[in-house]
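Input: one structure, supplied below.
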Amino acid sequence: MTYARSVLALCLPGLTALAQTPADARASLLGSVDRQAPFWTAMSRRIWENPELSFRENASSALIREALRDAGFAIRDRAAALPTAFIAEWGRGAPVVGIIGEFDALPGLSQIDAPERRPRVEGAPGHGCGHNLFGTASALAAIAVKQHLEDNRLTGTIRYYGTPAEESGAGKVYLIRAGLFKDAAVVLAWHPWNANQADDNPWLANINVKVRYKGRAAHAAAAPDAGRSALDAAELFAHAINLLREHVPQETRMHYIYTQAGRAANIVPDAVEMSVIVRHPDLATLESIWERVRNAAQAGALGTGTEVAVETVSGYANYVPNATLRDLIDANLRRVGGVAYTAEERAFAEAVRATLGSSKLPPLEDAARILPPKPDLLSASTDVGDVSWNVPTGHLLAATFPPGVPLHTWQSTAVAGTSIGQKGLVVAAKTLALTAADLFHSPALAAKARADFDKALQGRAYRSLIPENAKPPLPVQ
Amino acid sequence: MTYARSVLALCLPGLTALAQTPADARASLLGSVDRQAPFWTAMSRRIWENPELSFRENASSALIREALRDAGFAIRDRAAALPTAFIAEWGRGAPVVGIIGEFDALPGLSQIDAPERRPRVEGAPGHGCGHNLFGTASALAAIAVKQHLEDNRLTGTIRYYGTPAEESGAGKVYLIRAGLFKDAAVVLAWHPWNANQADDNPWLANINVKVRYKGRAAHAAAAPDAGRSALDAAELFAHAINLLREHVPQETRMHYIYTQAGRAANIVPDAVEMSVIVRHPDLATLESIWERVRNAAQAGALGTGTEVAVETVSGYANYVPNATLRDLIDANLRRVGGVAYTAEERAFAEAVRATLGSSKLPPLEDAARILPPKPDLLSASTDVGDVSWNVPTGHLLAATFPPGVPLHTWQSTAVAGTSIGQKGLVVAAKTLALTAADLFHSPALAAKARADFDKALQGRAYRSLIPENAKPPLPVQ
Amino acid sequence: MTYARSVLALCLPGLTALAQTPADARASLLGSVDRQAPFWTAMSRRIWENPELSFRENASSALIREALRDAGFAIRDRAAALPTAFIAEWGRGAPVVGIIGEFDALPGLSQIDAPERRPRVEGAPGHGCGHNLFGTASALAAIAVKQHLEDNRLTGTIRYYGTPAEESGAGKVYLIRAGLFKDAAVVLAWHPWNANQADDNPWLANINVKVRYKGRAAHAAAAPDAGRSALDAAELFAHAINLLREHVPQETRMHYIYTQAGRAANIVPDAVEMSVIVRHPDLATLESIWERVRNAAQAGALGTGTEVAVETVSGYANYVPNATLRDLIDANLRRVGGVAYTAEERAFAEAVRATLGSSKLPPLEDAARILPPKPDLLSASTDVGDVSWNVPTGHLLAATFPPGVPLHTWQSTAVAGTSIGQKGLVVAAKTLALTAADLFHSPALAAKARADFDKALQGRAYRSLIPENAKPPLPVQ
Amino acid sequence: MTYARSVLALCLPGLTALAQTPADARASLLGSVDRQAPFWTAMSRRIWENPELSFRENASSALIREALRDAGFAIRDRAAALPTAFIAEWGRGAPVVGIIGEFDALPGLSQIDAPERRPRVEGAPGHGCGHNLFGTASALAAIAVKQHLEDNRLTGTIRYYGTPAEESGAGKVYLIRAGLFKDAAVVLAWHPWNANQADDNPWLANINVKVRYKGRAAHAAAAPDAGRSALDAAELFAHAINLLREHVPQETRMHYIYTQAGRAANIVPDAVEMSVIVRHPDLATLESIWERVRNAAQAGALGTGTEVAVETVSGYANYVPNATLRDLIDANLRRVGGVAYTAEERAFAEAVRATLGSSKLPPLEDAARILPPKPDLLSASTDVGDVSWNVPTGHLLAATFPPGVPLHTWQSTAVAGTSIGQKGLVVAAKTLALTAADLFHSPALAAKARADFDKALQGRAYRSLIPENAKPPLPVQ
């Protein structure tokens, strides 16, 4: 640990030179978070008990929104015409510092808070990604910062982005299109994780589509020449994808399955559906690869006399790390420290980990440590990536889950309802609050973050992989 | 019609020269069928009301079996160890003339006797192939022939083969393996159809298999190189099939679908299942093609580092028409005549045909006509084909369904429960009875049929496409 | 033979009812052919000794043309702007009866007139298709018919079509496009063969193309993602062809090779060339299949980010047999009789046949027999097929080659220079002359042939598979 | 440069602590090289003027061998039974330090020493890889080291490996198999290059094979079902390779072309040949990938009823850098310095570079600089890689070619015959001699290199990709 700090000291002469939050103000801010934490951890449990899917987070969104309104924030409801999106704002003028919150759940992950697989309601949703902790921690941070601005008579605006549908639908893309990030100097976000770390990872840009071929059915023995096989088309498309593999950058990932591939062997298949995902660490590169994959999908139809339709399910930009914000977050996270388990929590965590059947788990003590930022290639994606192409974005991972517990599992769902997850919530809230405070105390930091942003993107334009004219998949009223 | 008869006269000097059933004996035989018909048409309705799937025809089989026992036939129960197979026999010595009966239904075709789609029980089986008429007509013929043998003091044995599982499982293959067709001089069978015709068609030999690939799952973005894709294997196999098409006889048919092809796009598929059918008009040729397709299935595994398992679902030999028996049946069918509708039946038939949405239906009057035998290539298969490789076999089609109504539809199911279907049953029973009688009156006919049989097969050996060691898919007790 | 004639008598009441050439006129015509035969067989030898390739038949064409001019025919030189095409005509008014002559040789078949492989000039062309006999026999027939018209004071026009480039380039297509067959009532043609037969075979329509893919080269180890593989494109196209096989009529043939497929394994191939042939017994069907194959070729490019160019090498329509002309030719061929060998010719023919290494040769005596017309599917193609879509066309095969000797071989080349080939020339000339004479004696025959033509094509329009704007591949002047 | 040295100082405390060659001994050694250089540069020119292909380097090998014999080295002729391999040795006992020499040329690169493309003999071989400089420089170093051992009364053995067939055939593999590297403590080698650098690059392991499919020819229109297409097999194999791409480590390279792919489109291809290369940075991984590719090649045959034969053309292990030797070489190379051009050489170099048509060339001055070692992934391969799996191996790159000039070009061939190449020869000889001297002065260095070797390979066993029973492709005597 000593080593890592000393490296930090060496590498960040610029940062330390800039004015930051004074030590006493910092202490006062952390105290403020601690005092309000019980209210927000209780809310995280309520949201956990009533998990709502993407674009359907009516109750979860309202709970957070109304608490922010009660705390004095001005509310912009139904942001970007999304029923469960909102913006809560306090203060005046620049800099505008945003904090992002999410609150949607995942299908099929219903689970009680026990270290064994036990759905509350069979087949129902569950908070396997910990968004019940995410939205609440961010709101707690925003309110503490608001208090801090008042106490220290600082200029600027603290803003909470209530963003729906991260799991499916890429809700933030619509907020970006509505221009709601345009005036933000910096945006901060975090994600529930199984470790504590200032995030320097380039989460993959990805695009997820359904490819549907339509042919003409015929009896496969009596009149195969009258048929046009949609399965032929899919196989030809698949072959083209596999031929492409040699001629795309090697970090690219293209994978597919057939979700529907014929009704009966003696009928020429007239309808076939594939699920296809394409990923690359860089949005612009992915865009050019995706163009080629789409051509390959059309080649499948052209070569077999069938028709093709491509429906975008979701599309995420890669996350563009920001060196200034990464280092600020890392410094603050080290001030806050990780998650320390009680004996009971430790027992629970071990019981959960035992169900993973893995012999290569990191030590449980890692929950209390802070990992150094390191640009590993993640295979996951987030629409915070899209935000990071539009405004300097800082991102934090906090150990809401025991080391080694993967997201999107019944295990992570179970923990997200316990005090373990809630301790991670507080770590995140404190780190976000300290970082926002730094930005208000030293406006030069935002300028430095902007310079990093410009350098990282070098003029590359953001364009979402979701088609311009696509409507968000809102539930029918 | 005159023309057809004269052609017949020209072409069959041999047949007419042989002694056949005298005209008065023939009249007496037809009268016998007419008298017993009501009992058997009623039974066909009972079986129609209680459709039973392949190898599960317990009640249907018992009804026919016990009526034959009551008529004085000796019963061999559970023939070839199949619970619903039996053999009923009367008489002594040569020639042994067999008549085949079937009684199994099809899944998902439940239907009432109305000219609109209306299942009796949603999702339940139905007699869309008319086997409720098939087994009963054959039994009616056998009993009438037994009476005829007694009345005319003829030597020989009349035998009824109660054969289960024609639709799925190829029950007759097991009876053949048990040697139960070895001592038969001739076997007669028929099939419910939408026309009347002595059958000269080479029904396709076919083999129907499941091909299952097993690979190794892995996260498709994080560790695709750790995965072995069962879908890759299936695609490679499919490619091999499509390459084979150029190098098999052009009458071959090979078709496939993917019944399981991946769980989620971000997981390398570890289990994929295909349904594959291969057909050819000739069993021996099919066998050599099937050998190559099976190699191609293994190539799919070998080329992708996966494992393959091939399970035979069913395998049918082609039907080998027998010229002597075809001509005998044709002559007798013309004596019996086709199906004449009442006004009510005509209205029902037209109502059913109207639901087919086809503008190219043959005239309804065709039900009353007899089509000349003509070797069209059928795209259907039957395990009577397997019998025809082992013993000279005559086959008849009778118009139990209105012209143009396809088998295996709700329309054919509906008609099979009405007087239209039952009239076809009587036409079949009479024609079978007359033909069997001819064979007893003139033993030279069986010798002639045997000569045709030898010539058609020219020493080619029968080998079922169902592996020797395969067990019939009997229901678990 | 008796049997065949009686069948003919039975089947052709219409023909016999029509007035035909009187017996004495017939005898006189045959005598005329016999008298002039030595001049033309000698010319056939001269052409055989100086074989000229397609569109380069300058000497061969001139020899025939000038002999026809000398005989009083009016000459239309450079027909359809093809230097070696011409039309020679005598007479006035309808009916116009055309006789087709060809005279081009094949590359690489140079051979002396010995029963062993021995090129005159290594690598030079040779008359392996017997066109040295073809053009001369037709001219001999035309001149004999001219004499017959004069002698019998018959009205009408006898026309000789001197057509270049049958082997490669489909010269007749350009004559058709120039409207030169429009006013012909009937056209007669023949082909050197290994049997005598009025032709009832539907020679295959076919199209022969080069498909060229252009990609982008790159070092296959250092920068494969910078490459766009033309070989990928070709493989994808090939896969599409193989997928198409199931969904075209089973008589279709599609075959291809790769004539250029990469320079070195460590370079991504930027240029690949395929040779592709597609065939079907019917031109219109072939056209629709070819449309799909061309789409598949484009799919290869679209799916791999490469470019494609398709160049038509040649395209032939199928031959549409004409029942009236077939029967006329059959009757006249039987009058003329086949080819009878001398002892020396027999020895030569046997020596040639011995080099074929085949144990299944037809008897040598077949050269003297006339085979009954029978519509076997030939795998060969001819641009006489294109003519047959535009005017009623009669076609004859004459035994210029011993039974069993295939065309396009050194064996057929050798025989085409001997008295065996020349005897076949005379058989062809006589049969053509008799048939033309019938058409002049009985104009109703041409009307009957026209009715057959209309019935066979049923309004289907002719469209050559050679693109409208393609120029004939003439040698550069 | 200062920076680089200081880093070096920081990183190599171990090295500097070890005794090395004293400064005066070093000066004397360098003087010795300078004195003998004219003899060896002249020989390099002679070899350049008479370029000999792999396993045919009779004259080139003899020149070097006899000069070493004259210098007092003991010669082992025809090492490993390869006519052009030899070992020259001087001294006694441990440590044995080897220096590798190569001398084979490349096909088709004949070129004079001018800055424009001009073959000496059209189509003849040329020294485009600079092996005329390679074998001579190494011999010069060996002789200087021998003198140094005598002068300084040092114990140990200096050994020269005369290794044929690096370009094609992997000659060193046979020397390894003969056990000729077993007793060497350390082996040193170098390669002509366009820069000066101690080599830390993992040259790719690769395997280069011919895959030949044998099918059965048939007329593609008349009897395609009688054919078994070798082209089908190749396409199926290619498809399998492309499917594999997703499931091998992303650094893998697999590329192929079709060197023979059908004679004529109307014949089912019975013989197809592919050239296939597979590469990976690690030999053991490549071995397991190659196993799968070979299975895929067999799947191509199995799926199409054809036969396959795989012939290994060459197989190279990756190069395993050795940290101790890399640092020794780097230090010595910096002592020696790079290549300084005269005005004339500079003009020649610029003229050559101008022909490359590249706008991104490094500055010409780079020839005089020393690049820091850096593990870039090279796309090239060498059989020095195989040696490095068997004995600690140090490798040097010296600027025999102007910066930016690629190997295996007419440009590199031209320069290899000039004073520019010869200056690089001297740089290499000096650096090799100094490094060998260090190893004799400080035996602990060899032990340290051995420890690095053990650590890098961690017990992984060497197995050449060339099959055990393969014979070297020697010219027929």
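Here the chain labels run A, B, C and D in written order, and each chain numbers its own residues starting at 1.
Following the convention adopted for this analysis, contacts are C-beta pairs under 8 Å (C-beta built on N, C-alpha and C of every residue); 3 or more make two chains touch, one makes a residue touch a chain.
Everything numeric in this text was worked out from a predicted model, so none of it was measured.
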{"item": "Remaining touching clusters (ignoring chain A, no chains moved)", "value": "one piece"}
{"item": "Where chain A and chain D are represented by their mean Cα positions, the distance between them in whole Å", "value": "49"}
{"item": "Chain A and chain B, separation of their C-alpha mean positions in angstrom", "value": "60"}
{"item": "Distance from the mean Cα position of chain D to that of chain B, given in whole angstrom", "value": "71"}
{"item": "Residues of chain B engaged with two or more neighbouring chains", "value": "224, 235, 239, 243, 246, 250, 255, 268"}
{"item": "Topology of the chain contact graph, where touching chains are joined (line, ring, star, complete, other)", "value": "complete"}
{"item": "Touch list for chain C against partner chain A, complex", "value": "220, 224-225, 227-229, 232, 235-237, 239-240, 243-244, 246-250, 268, 292, 295-296, 298-300, 302-305"}
{"item": "Complex contacts: residues of chain B adjacent to chain A", "value": "204, 206, 208, 219-222, 224, 231, 235, 238-239, 253, 255-259, 261-266, 268-269, 275-277, 279, 379"}
{"item": "Residues of chain B that touch chain C when the two form their complex", "value": "239, 242-243, 245-246, 250-251, 254-255"}
